[in-house]
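To keep things simple, chains are lettered A, B, C, D, E and F as they appear, and every chain counts its residues starting from 1.
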């Protein structure tokens, strides 16, 4: 099986390399993984107004992935940009780390806290929690107050800040599970589970494993996303646009 | 005061003209209104995957509007594409017909029904209702089963279909208010109020009046959208992108 | 257009005068505004058990307003006493500052906090938020711990207390919008918006502007409150009571 | 123990007599019951705008009851008019049939349906269900489409209509418990339980038994309604009004 | 009327005796009460995994109670173990202190806090609150951080801890009613009501009084739990198991 | 990796065999699967009162599984009996098909319907949906009106009934995903996906694949269920009971 991880931002070759190694250490032996990113657009998505700048290119990568025989594709950002749009355009499983990891976390404990970058993300996170129907499972949102570019440069500080905010989430907000709500907060999962003694979800790792499972299920049972109503593909008549299949 | 209505689609000059006339008949005497549309992209937004094709151009029009001295701008589609993004980028009121009209309808009766184009919109409508926090005020969603382009051509059929579905919403779903959930369903408000004997919200007319009110409030009290947290503007350092102010 | 503001309490001539001036500074040029109050009953409504003492007189003023040709009427208390009752009895828009301002605030930011007089109001406020369907939009309730009569006498202290509690609401409760949840907290809107750098809703000013908008919409499109089901008028046979139309 | 049932309407001497007999057949041997009604105001409360006409007189009866040594008082209408106001004014238990019976019904089956008079009541019922926090326990609202005065005259038709609507509630709406949502629908409880084979709550009978229990608990443990925050009594300084204690 | 209280644990003879005396002091003169416990299984139910060890024996006691002519039975633990199961098996009222007291508390003030043993109970309590449909009525959960066996030995410390946590619940969480969420927290009701000046619900006392009321209602009107759908009894064909009737 | 599926009922050797074959056809090559059932107790769990008869034996099998080196265990019933209890007792992932499949279904479409055996299950299903926090994702519950034992004997009728009820769920209730809410409804997934053209979740297959994923994640990252608060293990001092570890 072949799985594609799209980093929906530009200029982050090192990060591609980093997570490719992580995938190599957790993937099934029968899985091939490819990591890609965009050639233009912003280097992070901390503002909602940056999303429109990456959506068309991201969707084209998704459509291209299906045509090239990938079995599943992950849009590698916890905000799940373009998730619904992508599901309209292809039939293979499209995974959003936000959606996938919040649902998986819900099966691992009574409530989860999301520990992520900056408080500016709060409104968007709350909207997503509502849309995914998971409002009752959230203990709290906690912020490490670092930007994405900063996080890529200073993993030590990231680790410390995650520890600090996660401990508060567990003690003060009664979280039983921690979700690291940014794909850049990757590489600490094992260590944090030992340190915090609760399940910690590295959304890069866990959404990738979920993609493996869905790709496998699609192969063996044809299960994939719904294509009626919410994710219905634009019809032939509507195919005025490059990106549609 | 100057207000801009953006039709976030292309190739609809006649529709521009039609609603300009409607605005002329309902506007305050001290208001100037301009109607515009995009020069490229799809002619309708019935698919979620069409939205990315209009977002950048729409946001540029919003930013341009503020620079040109407009006092408020309306993104003329009930799905409110780019609403949050636009509010990050400017300080003048940006109005989404979906958000504005659902809240106004909530003050006119116990529950409202949304009567709109096609059932494929259901998931998106439900997501928006959740995000706007109005789930408890919805009696039902009813669909006239016509596409936007079809609706523009056959206003008679649209009128009949709205009547039919609204009556069901009132009788079977206990709606006390009807929202016509597509900007194209415009021009029947007066008539439908007489025929149905309940408040009927033409979202083109009513969101325009709401924009007038917010523009006036901004002038007199400086009230406008929040610029902290959810709608915070990208900072100077992040200004790598044409569209940002 | 003629709009009536009813202060549903007695013995507050100075306050009438104060808000008439405020309305003069924010009203449209084509609007006439009248401010009135009751000739008996309590001077404030801090207890739920005071409401029955003002309801009949308030409703009679509403009915009289419609007969005298007013285009809209505002029941000038954030608790919206008699709002539903009034809508049963007349066909012109009846505005409740609580209902109107909570919905408008919902369109200006992700969540709002209500900063108001005394904590005793909490249960009633929470009930109203539920009834208006806006539970998801509330960040918090904050109290300045001053009674209404005290507030009228000491505007300086009111201003300071609002600043203090609003800052807490923004910082600790993640409010993006502040609603000043008492009609007496009026006159500071402009200043507070500058000081707090978030939208601040003076419910006296903003509900008045909403009344202007609805009165205008009624004139031009016949839109008004629903008269079926929830707000249905008592029938002729039931007209045993002075107050009914 | 002495319990007072107040019919908060006028001109219904026969109904007083009818329910006094019902109370005699279900009461504890150590309980004395008195039934009273108002000397003015409307004969029913089908319109929200009729409530203000009975509130002051009803509250005075409640205050008088406490002074005369009653151990509990029931405001005998399923809409619970004046319930919160009354609890501000006295320390003995004040029971609202709506509130009491919805909570009791919630302990007798998974969901209940309310079978009551006319559909115009729907908005008010839904508001009460929300305020009582019981939204999740409601299977449906069903209406027998008879006015209160009609119901008093034609008990046979009432019985038939209740049977018809309850059967629909059980079959189509999955109700496991039926609440007869009007105090006039009394006298059929035993029979309906046999006919429908589900718990049927005669709100007159059941709220009376709940009042017995609370009166007994007050005697033996001093338990009664909260007097802080929501139901706090007006202070001495505020005692400008006849009705306050 | 005869009422049975089952302590669904073993080895607690003294506690049986203690609460029998409490019941004697609060019961109606026409009620006989019996207190029993199990002969095997754990002495407390602080872990969810202990419940399976007492369920079969508890259900057999319930079935036996109905056969022996008891009019109602209370499963004496705030977690209501086996409540739904028991209602499938008998027709007499089965009372769960958790369910009964949360609903009664909801009628005594705007919101209640549950003050109980250990934080480990939090997830289970939240699940029950959701199942009983009372999420909106909960102000907070507060824990005295003592185990059940500890509590039985040190009533003084229990009393102090309840006072401390209840005061926080009232002041910080705006609770208007306190529920002592463990049957072992009994014997302080009167005193705590005086000390805290809010309604305090001793779940042992109050659920017993609720059982009296339901037993009386069953006698006089045949009202009891629903036996359709949720609580339907296993049919004759299924009677392969000792415990079924 | 070794995975155990426990059928928590007795006397169903043929069913064990059937699903072992299904697992063989969908499992990863590096996974060994074992299927087991109980040696006593009821042959199905259609009544809530049957659950206590299987809980202790089921929990012992779970504890034994961990000791024998299994990497994950599935409690093979959609009602997830003993799920929380089991997670208290072991550290390996314990999967409940109900919980796992409702969350996975939530990632495959806007809303799902559960198509299952008999309407008597409705209350329990609704309780579980609430506990899992997924109320907003449910389109409807539909019942094929067959008992479990009947279903095992007549797969043809099961298939037809599922088709019929699923079509209604899609057309009338706007379901985008179908969950077959009983482990016995297995073996039709592929076929139903083709026939219904929406994702259909065979809970036996899909919860097994989820177990594979969690077992793999546990191996590679130590991720498993939370062991604080909700699922905390009974301490050594409490180890009076055979079943505890």
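We adopt the following convention: contacts are C-beta pairs under 8 Å (C-beta built on N, C-alpha and C of every residue); 3 or more make two chains touch, one makes a residue touch a chain.
Computed from a predicted model, the values in this text were never measured in an experiment.
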item	value
Cα superposition of subunit A on its sequence copy subunit F - rotation in ° rounded to nearest 5	180
Distance from the mean Cα position of subunit E to that of subunit B, given in whole angstrom	53
Approximate Å spacing (C-alpha centroids) for the pair subunit D, subunit E	26
For subunit A paired with subunit E, centre-to-centre distance based on mean C-alpha positions, whole Å	44
Touching two or more other chains - residue numbers and ranges from subunit D	110, 119, 122-123, 130, 136, 174, 176, 229-231
Full enumeration of touching chain pairs	A-B, A-C, A-E, A-F, B-C, B-D, B-F, C-D, C-E, D-E, D-F, E-F
Complex contacts: residues of subunit F adjacent to subunit A	25-26, 28-30, 95, 99-100, 103-104, 106-110, 130, 132-137, 170, 174, 176-177, 189-190, 193-194, 197-202, 205-206, 209-210, 212-213, 216-217, 220-231
Residue ranges of subunit A in contact with subunit B within the complex	42, 46-53, 55-56, 59, 82, 84-86, 88-89, 119-120, 122-124, 127, 130-131, 229-234, 238, 240-241, 243-244
Partner subunit F, residues of subunit B touching it in the complex	119, 122-123, 126, 130
Contact set on subunit A toward subunit E in their complex	110-111, 136, 174, 176
